[in-house]
Structure formats: C-alpha cells, structure tokens
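Handing you a structure now.
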Amino acid sequence: MPIDFSLTEEQRQLQALARRFAKEVILPVAQEYDEKEEVPWPVIEKLHEVGLLNAIIPEEYGGMGLKMLDEVIVGEELAYACMGIYTIPMASDLGITPVLLAGTEEQKRRFLKPLTEKPALAAFALSEPGNGSDAAALKTRAVRQGDHYVLNGTKMWISNGGEAEWVVVFATLNPELRHKGVVALVVEKGTPGFSAVKIHGKMGQRASGTYELVFEDVKVPVQNRLGEEGEGFKIAMNTLNKTRIPVAAGSVGVARRALDEAKKYAKEREAFGQPIASFQAIQFKLADMLIGIETARMYTYYAAWLVDRGLPHAHASAIAKAYASEIAFEAANQAIQIHGGYGYVREFPVEKLLRDVKLNQIYEGTNEIQRLIIARHILAE
Amino acid sequence: MILVVLDHDGTKLRKGSLEALTRARQLAQALGEKVAGVLLAEAGAPLEEARGYVETLYVAELGPYTAEKWAAGVLEAAKGGVKAIVAPSSRQSRAYMGRVAYALKAGLLEDTLESWAEGGEVYAIRYAYLNRVTQKVKSPPPVALTVKPNTTPLAEPLGQGGEVVALQVPPVATVEVLERVQEEKKGVSLTEADVVVTGGRGMGSAEAFKRVEELAALLGGAVGATRAVVDAGWRPYGEQVGQTGKTVQPTLYIALGVSGAVQHLAGMNKSKYIVAVNKDPEAPIFKHADYGIVGDVHQVLPALIEAVKKLKD
Amino acid sequence: MKFIAVIRQVPDGESRLRIQENRVDLSSATLILDQMDEYGVEEALRLKEKHGGEAIVVGFGPERAEEALRTALAMGMDRGIHVVHEGYADPVTVAEALAPLIREESPTLVLTGGQQADWDSQALGAALAEALGVPVVPWTTAIELEGETARAKHDLDEGAEWVRVKLPAVFTTQQGLNEPRYPTLPGIMKAKKKEIQKVAFQGNSRVEILEEIIQEKARLQRILDGKDPVAAAEELVRLLHEEAKVI
C-alpha cells in the first residue's frame, strides 16, 4: 500500500492533546493577550509541562523527537485557537532547526538540552531593516578575531528575539561574496553588546513578541558557529524549506476556525425571515472555505511527509505555505463578510483571524518569494 | 410479586414513592402479579401511611443508610421471587438498585420516564447521552426499575391497611457512616419541585442569590445553581443542576444569568417551560428557552419579583 | 497496592449526535475518555504516587475504545486491560464481564465514573461492587487510605457524608474529587510501549435497546428586549400566566 492517509494511534492522541490544550488553555486567553500585546508566559509554561514546547528536539537531547507530520498536526490545532500564540513555539522550532541541521554533537547538547529542561525559547535572525527577501544581501558583519567573531549590525522582525535563550544570527564575513560569505552564529542571551527592542503596534499576532536585535561589538566564540564559514546561507535556506510547513499548518488551523465561526453565525443569524445559512450566497462561501481547508491540509501533510521521508521538499514546502496562507486569508475575509458589521468588531473573533493570518503570507519568506522558489523548481529542468 | 421500595424522609413518604407505586401497580396488572412494598428506615418510618398503599409491607430498621444495607433489605424482601422491583430514582436508589440488579441478574432499567409490560417483557422509555437521546429499552423479567421524578401520576391509598411483615436483614458492616454533612433544607426539594429558579455565574455574588430565593419562594419553587456558582462557593453542591448535579424536569425552569453549557443543559433541558434572563443575546441558553429577556439580571430580577407580586395580589 | 480505574469511551458532550436506523450513530462524533471516568484515572494515579504500587486501567467497549485506554496510559496508568465488546451492554452485564478480570488482580480499590455520558447509567460501580462482593461508595469527592480501610466523602441526594469503608471497595467519582491532568506528550510516547491485554467478551445484555430518537423539544423562543426591565418583566409574567399558564 504505497499511500496511506490515516494517522497512527500516537498521532491521534497527539492531536487530541493539542486540541484539548488549544481549547482549554489558549482559547480563553487569546483575546486578552492580543489586546495587551504581551507574550503569554503561563501558556508557554503549560506547553512545556505537557511536552509540546520544542518537541522537535530529538530524544537523545531530552526532547520528544517529533517528526514534521507530528508538528503539523499540533500546529493546526494550536493555531485554531490563536495563530499569534502558536507562532511562539513555531518560531522556537525555527531557531532550533539550524542547530539540528548543522550543529555538532557538542553544540546540540549545549544548546538544545536546556530548551527541554524549562520553558525556554530559541529564535532565528535573518531579516534586516534593509533586506528581508533578498537574504544574500546581509549587512550584519562578523569579523574573526582569534577564537571568536565580532558581530555588528541590526536584525529586524525577529520572533521570540527578546525572550530566546539564544538566537541563530546570520552574518556576512564579506558582503562581496554574497551568499557564499554568510556564517551562522549562535548568540546567547545576555552576551555583552547584544540588545533586543520589542516592536509595538503590530496589526496581528500580537501575543508573539517581535523584536529588533542590535549587535554592537558582540563577541561570539568560534564554538558557537554552525557549520563552516560560508555555509550560513545554505543552512538558512534548508531551515526555511522545512519550517515554512508549520506556517502552512497554522494557516489551515486559522481557516478551520474561520469556517467554524462562519458556520455558527450563519446558522444563528436570520435575514428575510430565515437563517442566512439557507442562502446560496452564504453556502458558496462556506463550501469554498472547506475546499481550501481540505486541499491545503492535504498538501501540507504531503510536504511534511516528504520531509519525514528525507525526500526533496523545497518546492513542496513553498507551495504549502503560499497556498495555505492564501486560502486562510480568504477564509478569514469571507468569515468577516458573513458576519457583516459584527465581523468588523472585536466582540466577535473573526476580525482577529484576518489580522493574524495576514502575517502568514509575509513571514518565513513572503508568498512572492515562495513563487520564485516554485518557479525555479519548474524551470530547473 | 412486584416489589416497590417506598422512600421517605422519616415521617412521610416522598412523592417519588407514590409515582413508583403507580408504576408497580401498572406492571402488576399487566403481568398478573401482586404488589408488595418494602419500607427501609434508618430510625423512624411512616409505617401507617405506607401500609395504606399496599397489601403487604416489608419493614426493617437498618440504622444509617448504606447502599449495602439497603440492597440487603430489598433482596430480603424479594426472597420469595419477584418479576420487578420498582424504586423512585435518587442517587441512593440508583446505587443500591445496581447491587440488587446484579444479585438477581435482573435487567436494570434506570431513571425511566415510562414503563409497561407486553408479551411478558418489560419495556421502558429513558434518556441517554446526557439527556439528549430518548431510548426505548426492554428486558425480560426480573427487572430492577427506577422511576424518574415528575413523570407519573401519584398512587392513591387502597383504603385499608396492609399486612406488615418485619424483615430479618442479615447485617452488613462494610461501610460505617462517620459524619453527615447536612444541607440546610429550604422549601421544596429540587428534584420534585414544579418550579426551579436557577442562578448562574451572571448573578455575580452569593448575596445576589437572596433575590433568587425570593422569586423561588414566591413561585413555590426551589433554588438551583450552576456548576460555576457551586465551585465559587456561593451555593451548596446540593443545589447544582446539571450532569454532575441534579437532573430536574419541572413545569417551569427559570435560568437567571446562566449561559447554558451542555453540562448544565443535561440537567434541565427536559423542563416543560424554560425561561432565560441573560445580558448576552448570544448565550446558548436562549436557544433552549420558551421565553426570555435579554437584559441585566440585576435589573430584570427585581422587576420580575415585583411583577409576580402584583399578579398574586 | 493496586489501583484500578474502569473506563469507557463516550462521545464528547459537545459533539453532535445523529440517528441512523433508530440508533445513535457515533461515526462522526468526537469520542473521548468519559470525563467522569477520567476522575477515576486521576485518582488512581494520585493514590499510586502517594502510596506506591500499580495503577491499571480496565476498559470496556469496542475496538475503538482502545484510544481511551491509551489516553489513560498517557496520563500515567501502568498497563491496560481491554474487554472488547461491540454495542450496548447494561451495567449488570458489564460487571459480569469485568469482575473476573478485576478479581484476578486483587486490587486495593476500584474507581469508575459516577455516571456514564452515553448510556446515562449510574449503576456500573454498584453492580461491579456486588459482583466482587465488596462495598461501594457512590459519588465520591475525597478518598484517604488508612490501611485496611479508607475514609471517603461522598454525595447523597441531600447533603454528603464521610464514611469509613473496608477495602477493597469500589468508588464512583463525582466532580470535585480531583482535577485530571493532561496526557502529556512524553506520556503519549511512553504509552506506546505499555501493554494492553485484550479480552473478548461475548455475553448478551439483558437489557436491549429497541429504539433511540432525538427529541428536541421545540421551544417557543419568545425573547424580549430588556432595555426597559420593568416592562419586560411584566410582559414575561403576563405570558407565563396567560399563555403558558404556569404561574
């Protein structure tokens, strides 16, 4: 049997756990933290307690060794309750992935183990104020001086950047070498010269902390370098090729929520003497939402399956991320439309879905960049 | 024989016993059997009242209630052979009847709304799935059947006192009652009341329940509470209506500041008329309401009390 | 010491029920470990953590009920026994099926839910106690072991009481007994390796379900605007008096 769409017993249990966690722990506080624009530490602590935080860390380093498909199952459930809150563990996995891909045994032990022993986060710093999508045009400089590097520059839009125990920072040794000059360095919290400034006034995903990171003559030991000099760009791209799949999973979760809220409202709300769910104009919207959810989930699972099988997955993860975030944005948009004026106010949860999921079209590579990756895949042959 | 367990409060029979008696008489007639009663007591029991309803009355005084003793008492009374044992539903009866049913390998028909015999078998209607589904079930005799309160007409006395037979119940001492935590008894019992006035989290405080009590008293009803209210310590556990509390089926159920969680609905959704007052028009309770007011319960409740007083004058 | 929790898998209270050919169809319902049984699992775990020994989960139900057993194992129960049976069985029949297996384990005590969320039975604990020849404490909100006996608090119809009960005994759960823990991810992974003994049961239920229907009473849905509380209250009382004729 070459194709199997069923989840294993453990995956179903994992899904049930994540669903229950989302409903009981995240859902009741989602609106509050969105309004306060604050990181919900009690939720992060609870995530750690039940073992869902940093769970992709392999068992030999104290983690649960979750595979990509497991992660995707969890991601959809957590994002259903709040995409912003889900971004926190998701961005931590984003920070962990380069260490898994390029770290030495000693580095894995040193950086990953502590993240399994207490509620703690990692972060990934690639974007800069002057360049996001053009990742090879880095301005952050690393200069080798004996047994350490001296780091100078600024990173922008870094999720968990101010909370993380350590951040994987991508810097250039020589800007003229473009992507061949990039090095990946693990910068630990509290290193002198390293500071994080929280970015306020975000449209959505306000429960996740987004930071500007400033490096002023920060000394990073050579033992904190992942891979070799010049391998940084490849490490960053290989990381994103994996971690944009959970973005797709989160998008599916948001879309599912949008459909549930829209369905509920459409069955209750009456117009012209009947529930608006009885009108085809509404029914078509609901049907379109489900078409999006089912196809996006299926493709997200497929992309995750490729990762777990060790098969090439760069274009698949790009398709999943772009497609799922777009159907989710449209689902949130239509959920607001179905709610009419009520959809536009905070008393109902649908406006938050739209604000939150907009970011899914932007971070971990804009959807335009995803299309470049896909096009490159098409034209490569 | 059809045996009916006559439950009482020490001085008089409970209403549920007379409902159970009606059911027992119906089964007896259909199966060609006689009805006998069993009256088990901790200390005092309404012996004279009870023997007015049955030709044979088995009695025993057993000391503080335990499921084991009551099961032993019922089994002793059933020794001559029974086609059915009928008891009013209560937390206690549903436990000792479980023991009795196992001991007799009887069909256990719990908390039935209706029951009848046909072709030598006993049929019943009962709820399942937290009161959301109505089941029709059957079992060959013997059956152990409990009767849901407020479902059955009350039995009339026979006109003459029946024979009283003292039971020799073998002693069971596996459970010793150490201390009883009595609830303050106010007015009518929750499960038997025709009117129940329940306050939810929306009441805001324990003090606010004075008005709930006032309305309940005016309507001759009982006070109920939701799980949130009981957990907050505003009202005693005994007043909780819902899955883990009591199931009520009054003629009129008034829900004040109650949102209508599934677990609460399980305890009251079979009430004849449901009235809801809640400031949130989206509260699920309104979907289950016959009448309702969308408004602040702290303003609506005093106005309701006044309006009822006006009506009574 | 050995603590046994008897569990079943039931539909989530919030999932929609459907009727197919006069019977409840659960094929599209979310199925969970009965929340009343979950209190029993949690209590068995707490007793084990405090006094040592083994915590065993015993489940009754179709093959799919294994998921509920796995949930209990993921919460921390040591091993499971699954009595496999399709369809409805009354509590006397379930007790007959479980008693021999439980007796073989010689448990210190047995816990099960105060009421089943599907068949709405409150009698499994009592029937099981009778089958095992031990006492039952229904609707328990506290258990303290004291050697050969336990002190327990449990609800009555009116009020509650503290009792001292000889062990072994069966306790049925009531809300308030504890706050069940989550089956954690490490727990789920460990549960994979825990043993579930499967036992087939062919016995026939004495009580038979003939028909199931969903009878949602149509409600009048006359909802008044309470902006003027006095007017709304008077109108409501008028409706209850003149239309419903209940006051």
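We call the chains A, B and C, going by the order they appear; numbering starts again at 1 in every chain.
Criterion: a contact is a pair of C-beta atoms (placed from the backbone, for glycine too) under 8 Å apart; a residue touches a chain by one contact, two chains touch by 3 or more.
Being a predicted model, the structure only gives us computed values, none of them experimental.
Participant: In terms of CA centroid distance, which chain is the most far removed from chain B?
Facilitator: A
Participant: Please find which chain has its CA centre nearest to the centre of all protein CA atoms in view.
Facilitator: C
Participant: Can you pull out the chain pair that has more C-beta pairs in contact than any other?
Facilitator: Top-ranked chain pair by contact count is B-C.
Participant: Between chain A and chain C, what is the gap in Å from one C-alpha centre to the other?
Facilitator: 39
Participant: Taking each chain's centre as the mean position of its Cα atoms, how many Å separate chain B from chain C?
Facilitator: Distance between chain centres, rounded to whole Å: 20 Å.
Participant: As a quick test, compute the distance in whole Å between the mean CA positions of chain A and chain B.
Facilitator: Whole-Å distance between the two chain centres: 54.
Participant: Name, in rising order, each residue of chain A that touches chain C in their complex.
Facilitator: 9-10, 12-14, 16-17, 20-21, 49-52, 55, 64, 66
Participant: Considering the complex alone, what residue numbers of chain C touch chain A?
Facilitator: 32, 66-67, 70-71, 74, 182-189, 191-192
Participant: Residue numbers of chain B touching chain C in their complex, please.
Facilitator: Counting only chain B, the residues touching chain C are 65-68, 71, 90-92, 94-103, 105-111, 123, 126-140, 174-183, 185, 189, 191, 195, 219, 227, 237-238, 243-244, 251-252, 262-263, 266, 269-270, 272-275, 277, 279, 281, 286-296, 299-300, 302-304, 306-308, 310-311.
Participant: Taking the complex as given, what residues does chain C use to touch chain B?
Facilitator: 11, 13-14, 17, 19, 24, 36, 90-92, 95-96, 114-115, 117-127, 129-131, 134-139, 151, 153, 155-166, 169, 172, 174-176, 206-215, 217, 219-227, 229-230, 232-234, 236-237, 239-241, 244, 246-247
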